[in-house]
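My structure is below; once you've seen it, I'll send some questions.
Here the chain labels run A, B, C and D in written order, and each chain numbers its own residues starting at 1.
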Amino acid sequence: MFEHVLSTMIFLPILVGLVLLLLPASQGAARGTGLVASGIILILGIRLYFGFSGAGGMEFSEIRDLLPSLGISYNLGVDGISLFVLLTGAVLYPLVFLVMTNQSKGCYANLLITQGAMAGAICAGDLVLFYIFWELMLLPIFFMIGIYGGPKRLPATIKIMLYTVAGSLLMLAAIIYLGVVYHTQFGEWSFSAAKLAGLELHGGAAVLAFTGFMLAFAIKIPLFPLHTWLPDAYTEAPPATTFVLSAIMAKIGVYAVIRYVIPTFEAEFARYALLLACSGVIGMIYCGIAAIGQKDIKRLLAFSSASHMGILALGVFCMNIQALTGTIFQIVAHATSTGVLFLFAGMLEERMQTRNIEELGGIARQAPIFAFFFAVALLASVGLPGTSGFIGEFLIILGAVKFHTAIGVLAGTTLIIGVCYMLWMFQRVFFEKTNDRTAGFKDLTGIEALAFLPVILLILIMGIYPQPFIAKIEPAAKEQIAFVRPAAQVANYPVLEKGHVPEQK
Amino acid sequence: MEQSAAYLGLIPLLPLAGATIIGLLHLSSCQTCKLSERTYGILACIAPILTFLFAIKVFLDLHGLPVEARQISYQAFTWFKVGELDIAMGFFADPLSSLMLLFVTFTASLIHIYSIGYMAGDQTFGKFFAYLNLFLGMMLILVLGNGPVVMFVGWEGVGLCSYLLISYYSEDRANVLAGNKAFIVNRIGDLGFVLGMAFLFWAIGGSGFDYISLKANAHLLSSTTISLVCLLLFLGATGKSAQIPLYVWLPDAMAGPTPVSALIHAATMVTAGVYMVARFSFLYSLVPTVGLIVAWTGILTALVSAIYGMYQDDIKKVLAYSTVSQLGYMFAGVGLAAYSAGIFHVFTHAFFKALLFLGAGSVIYALHHEQNIWKMGGLRTKLPITYWTMLIGALALAGCPPFSGFFSKDEILYLALATGNPGIWLIGVLVAGMTAYYTFRMIFLVFHGSPRDQGLFDHAHEAPTVMTVPLIILAVGALFAGVLNLPAIFGGGQVVSHWLAPSLAELHPEASHETEILAIGASVVAFFIGITIAYRKFGSGAEVPVFTGFASFAYHTFRINELYDLLLVRPYKAIGSAIEYFFEPQVTDGPVQLTTWFYRAAGTVFKLLQVGYVRIYAIYMVIGLSLMSLLLSQSLK
Amino acid sequence: MILDYLVLSIVLFCLGILGVISRRNVFTVFMSIELMLNAANLAFIALSRLHESMDGQVLAMLVMAVAAAEAALALAVVILLHKHTGKLDTNVFSLLKG
Amino acid sequence: MIAQWLFYGFATLAVLGALGLILFQHPMNGAMCFIVTLISLAGLYALLSASLLFALQLIVYAGAIMSLILFIIMFLNIQATDLPEEKGRWTFLFGGILVIAPIGLFLLKVVKTLPQGETSIIGQDFGGVKKVGMVLFQDWLLPFEIVSILLLVALVGAVVLAGKKEMAS
């Protein structure tokens, strides 16, 4: 059983989700089933974590031929990077089923399918397989927003679908291009990511293929200025969907850049890193400032999420070990903090029937535990030391300063920008006077509090004692940096080696 | 060389554990049964008192070591290690931190005790002490951290506590706004801190990023890098220690409960910037130019806030501006590489300013939260303990000769003259006079003359013992703390300076006795002039003044808040709204909209071709065929 | 000689196209299509003669069968059209207008 | 020699018939002209040694299909008023010629690349029933069966279409 743990983590939720969709189950039964399924995944995930050696390289690999004539294989595996992205989903998913009590049955089923597809996209070691899962994880999102979303769901659905599909079709073309190039260079067909990394790509076609990949991922992340689908989709989606979108799916975009783009397109990546880094920083600032203008708490969090994704992506483009490790760490950190924030916003919406910040207030007095948890997640999101957010952001800023001083300085402004809108929101929602609407707000029940407690503790533990996590991430991050280092040196970027020479007087 | 001592790790841990326990008790009990205030009070005071005992142990341990080896450290665990970046969660004590440790834990203990009385009857009593303990823990991490990153944890942590405590009375929007302001302004400074750390790390951090390694490698740095790093770190210090241009948050921070103002916004947290500059003295001493910038920023801040202080009518605002002003002195000191003088002023200031704030708290408590000094008067008889202790504090603050403030302030002014900065010295002396004036203006208005509001006066009563005892203890400190660093001219041994010497890269300017006497004489004269004017104007009652012209301008603090609001806050919000209502739908979403428009337009055009007649479609087809034939005919032959 | 047959087939085919695109009468259009089929048949048979193989003739037979089927359906449609509109005009069908 | 003259004769008739088809206003006249074309085509088939096809052309095309068309035309009893008034007929005709000319020229070009061939009668039952039948039922069996299905479908379709009114009522 355990040698197929990855397949189980992928297909168990998909199958359960499909069965749920077909059976006339009640809402409660669907939620219960989802909870059990995601619980099993969580247990598998924990076993995976403790079974993972962290020596670098792929572990728990499963390789089967799918289409041998075209070299397409069923190739799964995790390394230090994917492990954490995978675990993030596994840890956070049960929370959705536990806390979000009145989503519809179809929504719960679709959530499960998304989970499986995301796990697939994370573990896939074959680009075609990756592409299949990549598109598969979008489908349930389409249904969830389109069927169960808010009043303006249809335009939002169409926008997110067309946007992402446009990106991923370009990626498909790029994947095919890579396969063909591999065939001409090595005389056999293969779409395995590891093998494609050995390609030597030159010229305009390589740049085009690189663009194809980057567009798909940049839309998913989303990088400025391709973020315009995000506020609408996040706002209109049901709370659980927003949670999945922001906490996990966006991270897969960043993850995919690290996993597929860096090893294959090292030269192109190095050449355009500065441009992409600029886009990340501009996005961070732009979305951060945009957040202050929001009246809708979900929309504010959506922009906040986009802003943080900008800085997350920046860490990838800095091409040094600190920034990259920071990004991967931050993937987990941001997923937990933003995920919790979105879940809380969802609960607020469910209980208060409004998302308008102006109509809320004084909740801290009514619900101290709720406010406390919210505050911890918020502080992690603004990167306060002692929470998980700090380690990631600090490493990214550190790396960004090394990469390019101006970008580093601009990246540092995230410290200020984040705090502006978050405090403003916290003030309006949790402080000040209670009104008629919020006077009836009930605090978290014991079970809910217990459900959130592990995640809150995780946020704190990852801030106070992050080294066990970092120790597992770093070897994998080093491998990725090793791909890009020669190219980066050609492009005159400072990439730090071990034992660098201190500055001389 | 270094001594390992695991109890160093325990020092910050104790208050943090206290905060956790109190916080959990509060959270779990706030809806069902309330624990008694006494329980919370005792729980809360355990940690500060224990840490104070530990602080004494640290001091004694250090004292037992030879002068050059006065360092003990403890590395708890590897915090994070990525590539050459290796950050340990480690603690480190040397004479500098031990001094900070001593007075921080000391004042914190007293203020915790005082708070039990002051906060009595508060709805969320437990929460308050949880925050206070958390603050102490963070402050101790700041002081004891073995490197800039660990210090930054405390640095941000105290900022958070400051925010939480300023917006403690969160029902009132103004308080929360003050908290937001404090956090955001501090964050601007923190940006400088982080960037400073980043530049420092990439320059010499690869071989260890704690103070000891940094100090050892500091000679490898180019002077440009040092200047850059020092300036950025100083930006961090201006945020935390309320210097120009980031001082605006501190007066607003008085929205918090008064013990908080005493502990966080007077005695401990706000001096963190000075501590940090002293901590990095091995860098600052290498770049005197940056030091001058620091010194001038400090002294100008001192001047500006002293001007504001002379016109305030809120007792806490007066003290707040006086804090900013005194912090300015400290920066003038550390900027001129007189680190021990600056730190010594931090030390004495902690006593007398905490004392003054607690005294003010006692007055406010007695008057049922009335803070306007123009409604007080003649309280001397009603609040004798408060009066006498506050008088001692005021004399110390104003720099009256035997009191602690005199020695520390005078040391700074003397060194300004000795290092050849008469400008700084002159402003310093002027500010000293102004300090004496506004301090005694406050004392006279509050305690002397006749009551201005009889109703308030009649209900006033002396605070309970739990509040007066800390006042008395602090008053003793304010009286005698100066003796610890008695300069040679008074026959003293400069104990504190010698104690601090191993930690600091200090310059010792040579100056004649005449200079010293001139400096002391000028300060004393300024003090007497200031107090005389104050007595003339307010000694025996004065009416509420109507400010006009410059006075009004100063009363409104030169409209700096309005200026910042106009230049920074409003544009920022405007840009936010502009993005939401203009850029987002029009500009960034523009390409998307353009694409959809293009498709629509193309559809409209192609619609015209769809005439609906089969025959016409056949014609289209034939035209296509015919064009293809033309093309193929070209290739045939 | 065979080429003359093929040229004739081309001429007939083009006349068939001309009939389809220039006339609106349903019957004429239909018969023009038949004309095109016949032109194709002629080409098949001529090429069958050229290669002296009978595959072309078989193909022509199949075309005739298809033409018969088409005739059956097309005439049914014409009858319906006439029933509904009383007209024999192809322009009556304009539902595809955008 | 005679064969050549016969070809020219039939060819002329076929073209004239086709022209008549597309130029006559009334479909009845067009149909008559079309029959001329079909019969001359049958003659041409005969000249090309396709005796079976000659017979089939006469029986199936000129016979069955055309009588069906004529029957329907007469059945509908088309008056001159029923006919669509085709105003721009000449414009379309000349425009059509312009458009079609490249297609025709292209096809001509293609044809010219083919080798010239004899058209003398081959004999040995080439194009006869037996030989064609052998080819049809051996090499073309599957297409033949498919065509039979097509005819069946067409049959059913025609019944459904034409009989729709009655079935609905």
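A few points about this structure:
Going forward, a contact is a pair of C-beta atoms (placed from the backbone, for glycine too) under 8 Å apart; a residue touches a chain by one contact, two chains touch by 3 or more.
Being a predicted model, the structure only gives us computed values, none of them experimental.
Contacts with chain C and chain D are shared by B. Taking the mean of C-alpha positions as each chain's centre, the chain lying farthest from the centre of chain B is D. Averaged Cα coordinates give chain A a centre that lies 62 Å from the centre of chain C.
Centre-to-centre separation between chain A and chain D, using Cα means, comes to 67 Å. Between the Cα centres of chain B and chain C there is a gap of 94 Å. Distance between chain A and chain B, defined via averaged C-alpha coordinates, is recorded as 36 Å. Counting partners per residue, chain A has no residue that reaches two or more other chains. Multi-chain contact residues, meaning those touching two or more other chains, occur in chain D at positions 96, 99-100, 103, 107. Residue positions 17, 21, 23-24, 90-91 of chain C each touch two or more of the other chains. Contact between chains, as defined at the top, is found for A-B, B-C, B-D, C-D. Considering their complex, residues 17, 20-21, 23-24, 29, 90-91, 93-98 of chain C touch chain B.
Residues of chain C touching chain D in their complex: 1-8, 10-19, 21-25, 27-28, 30-32, 34-35, 38, 41-42, 45-46, 48-50, 52, 54-55, 57-58, 60-62, 64-73, 75-80, 82-83, 86-91.
Taken in their complex, chain B has these residues touching chain C: 606-615, 617-619, 622. For chain B in complex with chain A, the residues that touch the partner chain are 23, 26-27, 30-31, 77-85, 89, 127, 149, 152-153, 155-157, 160, 163, 167, 170-173, 176-177, 179-180, 183-184, 187-188, 190-191, 194-195, 197-199, 201-204, 206-207, 217, 219-223, 225, 572-573, 575-581, 583-584, 588-589, 591-592. Of all the residues in chain D, the ones that touch chain C in their complex are 4, 7, 11, 14-15, 18-19, 21-22, 24, 27, 30-31, 34, 37-38, 41, 44-45, 48-50, 52-53, 56-57, 60-61, 64-65, 68-69, 72-73, 76, 78, 82-84, 86, 89, 92-93, 95-97, 99-100, 103-104, 107-108, 111-112, 114-119, 122, 126-127, 131-132, 135-136, 139-140, 143-144, 147, 150-151, 153-155, 157-158, 161-162, 164-165.
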